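Read from first to last, the chains carry the letters A, B, C and D; within each, the first residue is number 1.
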Amino acid sequence: MIQAVDTSVEFAGIPLRNPVLTASGTFGYGTEFAPFLDLRRIGGFVGKSLTLEPRFGNPPPRIAETPSGMLNAISIENIGVDAFLNEALPALPDGVVVIASCFGTDPEDYARLAQRLSDSPRVAGVEINASCPHVKSGGIEFGQDPKLLGELVGRVRERVSGPLIVKLSPNVTRIAPMAEACQEAGADGVTLINTIQSMEVDVETRRPVLSNVLGGLSGPAIRPIALRMVWQASRAVDLPICGVGGITSAEDAIKFLLCGATAVQVGTTNYINPMAAGEIADGILQYAERHGVSRVTDLIGALEVNSPSAS
Amino acid sequence: MIQAVDTSVEFAGIPLRNPVLTASGTFGYGTEFAPFLDLRRIGGFVGKSLTLEPRFGNPPPRIAETPSGMLNAISIENIGVDAFLNEALPALPDGVVVIASCFGTDPEDYARLAQRLSDSPRVAGVEINASCPHVKSGGIEFGQDPKLLGELVGRVRERVSGPLIVKLSPNVTRIAPMAEACQEAGADGVTLINTIQSMEVDVETRRPVLSNVLGGLSGPAIRPIALRMVWQASRAVDLPICGVGGITSAEDAIKFLLCGATAVQVGTTNYINPMAAGEIADGILQYAERHGVSRVTDLIGALEVNSPSAS
Amino acid sequence: MTESPALNGSPIRTRATVIENRADGGGGFCLTLAVSGWPGALPGQFVMLSAGPRTAVERWDPLLPRPMAIYRGHQPGSAGESTEIQVLYKATGAGTRLLAEALPGQLVRVVGPLGVGFPSPSSGQRVCLVGGGTGTASLYEWAVRCARKQPVSVLLGARRAQELIGLEDFEALDVDLRCATEDGSLGTAGRVTALLEPLLADVKPEEMSLYVCGPTPMMRACSERASRAGIRCIVSLENNMACGFGVCLGCAVPLTEGGFSLVCKAGPIYDAREVDWAGLP
Amino acid sequence: MTESPALNGSPIRTRATVIENRADGGGGFCLTLAVSGWPGALPGQFVMLSAGPRTAVERWDPLLPRPMAIYRGHQPGSAGESTEIQVLYKATGAGTRLLAEALPGQLVRVVGPLGVGFPSPSSGQRVCLVGGGTGTASLYEWAVRCARKQPVSVLLGARRAQELIGLEDFEALDVDLRCATEDGSLGTAGRVTALLEPLLADVKPEEMSLYVCGPTPMMRACSERASRAGIRCIVSLENNMACGFGVCLGCAVPLTEGGFSLVCKAGPIYDAREVDWAGLP
């Protein structure tokens, strides 16, 4: 007789039925996936990053394909916090865990936005996007300097009592000080990684492929980088970590758990297979059954490393 | 009548018959490619990074495959400067341009090594590897701090009168200050990028795939990141730049030239197709013919960008 | 963005079996797929197809699926049976060249139907469909539907005769068919837009609806010409897409009224006046 | 690292045409390739094969070629003609599962022959070849050569009868053939190392040479057993490789005398005593 596996985890104080979330900007406002996936099959989802006012993005082309990856320079196009609270959230079925993502150009923006979102009973937690690599001001500046990031998180923390998660940028020399700054400033969890600043060129037109010139790289290509950063962050802080970057399968997700992530987010893969997040959740269960793991939490940080001095 | 294309470029004071070099650590000491490629078809090659003494690397496994990429943690295994000067160099046919790569754990190591190499009439230039991401000490520390890097380059510059190139690490928040530090310290050129620190995990054994835990990511997966950094560096400094990272075809190489590189290096692709560098050199010529470009140097930095404010 | 009839059904995500993948000799291919659970589609809708057939293991290069108009296969399948749908494509870039290698029996990933259908012309109007290159694929089923009710002119353009995709199918319809090839190998020598001139010569705005699908410069040209004649012009846009169902925001088209619209969701069908053509690459 | 005869010829890099890719029913495949300009090879040498057949466009996932022993095809081709070479493999991971899909007429990339050949036994010695799993592929041609001159025992092991690759070919040779399967479905039930015991029972060191290729634990076990009997034991290692010709340094094996050796260049053939077995993963 196979013993039932307990797939639940708690991330940043948010109880999840399984560790599979979907990543901001890759899952719309949730309802877009209704034809493909029962949202209650996954741990929850993170909505597209919101700003206080609705916001348009960059002119086309906004996306490009690269080897095992894609570039995007959407630039936080979103419906704004009001439409999110009044229209997007009520359209979701009960029992779906929603994490709201915030973006701003100064700490006060972030704090006001996070407070409004956090006050909604339908929002399980707030994720601060301090790491968008292709918005001209905001985001990345906070995401590349531990001192600025700490101040930003501190400001938001003062106004938000519910779960507060900070999404980190991979475009840094060292990820550990960034995670530490979040921990010291009172965050409940960190999510990493956002996209990696990149570029693609069309040799026929001799122009950048993206109208914005620079974009963010996502997809399987970046997974080894994301995995490394999650491992480094998990050794630096006690905060729970949500691992993102190139996850396509249950095995990929498990790699992140083993490296210390409490939960994971599926991003670009949602575009290719809108049922992927559900399949990954199922696959983690099957892996646990196959390997006699009774609680998915037993996988977290369970990587065996011979030479713990390596870093 | 097709007018002959002038494919020659000058990189860091080194005249090259075409802009295609091969990257350190991916081309051995040159002779290994004799069965596959006439080394005089390409601009030249950069040898495996050398240390003052011969050096062994990490235990196996040292490599792993990832989506459109590979990880390595070889750790500067090399035959040492003496064997290089006395055995490897003399084994090469005349007319092959050789750039020697140096690695050390302190500036004095680098300086002594660079001087010995630079003194050899067979060495066209010296490339300082200040960016190996998986050697426990040395390399990357210099490569992640502009002040340390500037000091290192300055020390080497004092002892080396010939062409001095610095290879930069991509594992930094901003690449421009690194390139600027090299320029101020008197380097003749910069090469970028080295591999990106990464990790891969085996979910069956629940262990890191590499004995060293961390390794460096190379191959097509990283090309969009390399391209972005070359573009950023080329806007920051006047030094000639050599672009490396995921180049598999002439079109890829041309992307780097358009973004401001004077020359390129082919790395991981040499493993998959040992004739690749020659084919890429030929392909650049064909592109130039097809597009009526009479000098390959006309492609350097020729990217047309609408919004030069983007960065 | 145009007022469009409601979806026949909700999109599905499935693996479809290749029934046939026929080269037409001019670089074009007609791919027939068996799709189980196919909900049917409206003329103008599209599917996202994996870049090539499925292999023994997932390969992430190329990564993204490709949007392809549904050429045929607008009827929903009967329960338990699989429906055949067809797409026409030209082997040009990575995705379509890999797709051209798909063999009968292999699987491709399909998400669809996506987007909205063409809005109806007013009754009694002449319907003029203008197709350039692979854009022609979007128009065939719409030609079939319109021809049941009103007079239809179809203007097709390509570089050379062999590249006129789907030509025989249009020939079999009861429509006024005119072709233009740039090399003059079939029909009028020149661009398809030249065929438009005589039709627009002395038509009154309320007498005609124009539907255009093809390369952006051609759609822009048709749009301008129609605008001068005061004729309603409907276009089907082909922006780059990653998801096809409104979540990546990659397919945005700038609008004349400001802001953007998602081609995969509000489109791909637009009234040409809504589109800020200057903002399209 | 062993003293080995010189290469027949310099390695080449080419695209080879798939002639046949035959499944043996047990997960194993025999791939026959036509290679033009093939310089011939020594028993024990290998090729680097692309992970799957060539597609219309290069796909960089999976990225690296796979090392595969040359099963047959040790003669150089005559000028202008292409030579057939064969490899045996099991469809397990990404590369071999993609290779299993290769159809006749498709192309695979080949670099080879690479590495060194097996060193000769002393004349008059019994030659004992021990193959486990796909390791058997490295030994066949060596068995053929040795059997011409001296007594040969071949011990083959696999999990079950169907997984004993190349069995019929070995059966056709004039050798003392013994098999072991873990499930007992053919020959002795158990591991191939158990077959070694009776052969080593009262053999004198100078009377036998042992050649072993298979999973690392099996080679290690044979090596220990041979060492106790004082018998020379030659192994063919299967480290991960990126290039196959000595430039990536990825395939290093630690040596008992300290330092590393490149399996693709100094190997894959080693005297078992040279190898620091504790340092192998």
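Assorted remarks:
As a convention for this text, a contact is a pair of C-beta atoms (placed from the backbone, for glycine too) under 8 Å apart; a residue touches a chain by one contact, two chains touch by 3 or more.
Remember, predicted model here, so these are calculated numbers, not experimental data.
Common neighbours of chain B and chain C (chains touching each): A, D. Of all chains, D has its CA centroid at the greatest distance from the CA centroid of chain A. Look at where the CA atoms of chain A average out and do the same for chain B: the two points lie 33 Å apart. Chain B and chain D have CA centres that are 35 Å apart.
Work out the mean CA point of chain A and of chain D, and you get 46 Å between them.
We define each chain's centre as the mean of its Cα atoms; on that basis chain C and chain D are separated by 53 Å. Shared interface positions of chain A, i.e. residues touching 2 or more other chains, are given as 66-69, 211, 219-221. Chain contacts: chain C has residues 60-62, 94 touching two or more partner chains.
Judged by the touch criterion defined above, the protein chains are all mutually in contact, each touching every other. Interface residues of chain D, counted against chain C in their complex, comprise 52, 55-57, 59-62, 91, 94, 97-98, 100-101.
On the chain D side of its complex with chain A, the touching residues are 60-61. Against chain D, in their complex, chain B makes its touches with residues 25-28, 32-33, 35-36, 48, 56-57, 59-70, 72, 74, 77, 211, 219-221, 248-249, 268, 270-275.
Chain B meets chain A in the complex at residues 66-69, 71, 136, 144, 171-174, 196-201, 203, 205-208, 211-214, 217, 219-225, 227-228, 231, 246, 251, 254-255, 258-259, 287, 302-307, 310-311.
Only residues 67-68, 220 of chain B touch chain C when the two sit together in their complex.
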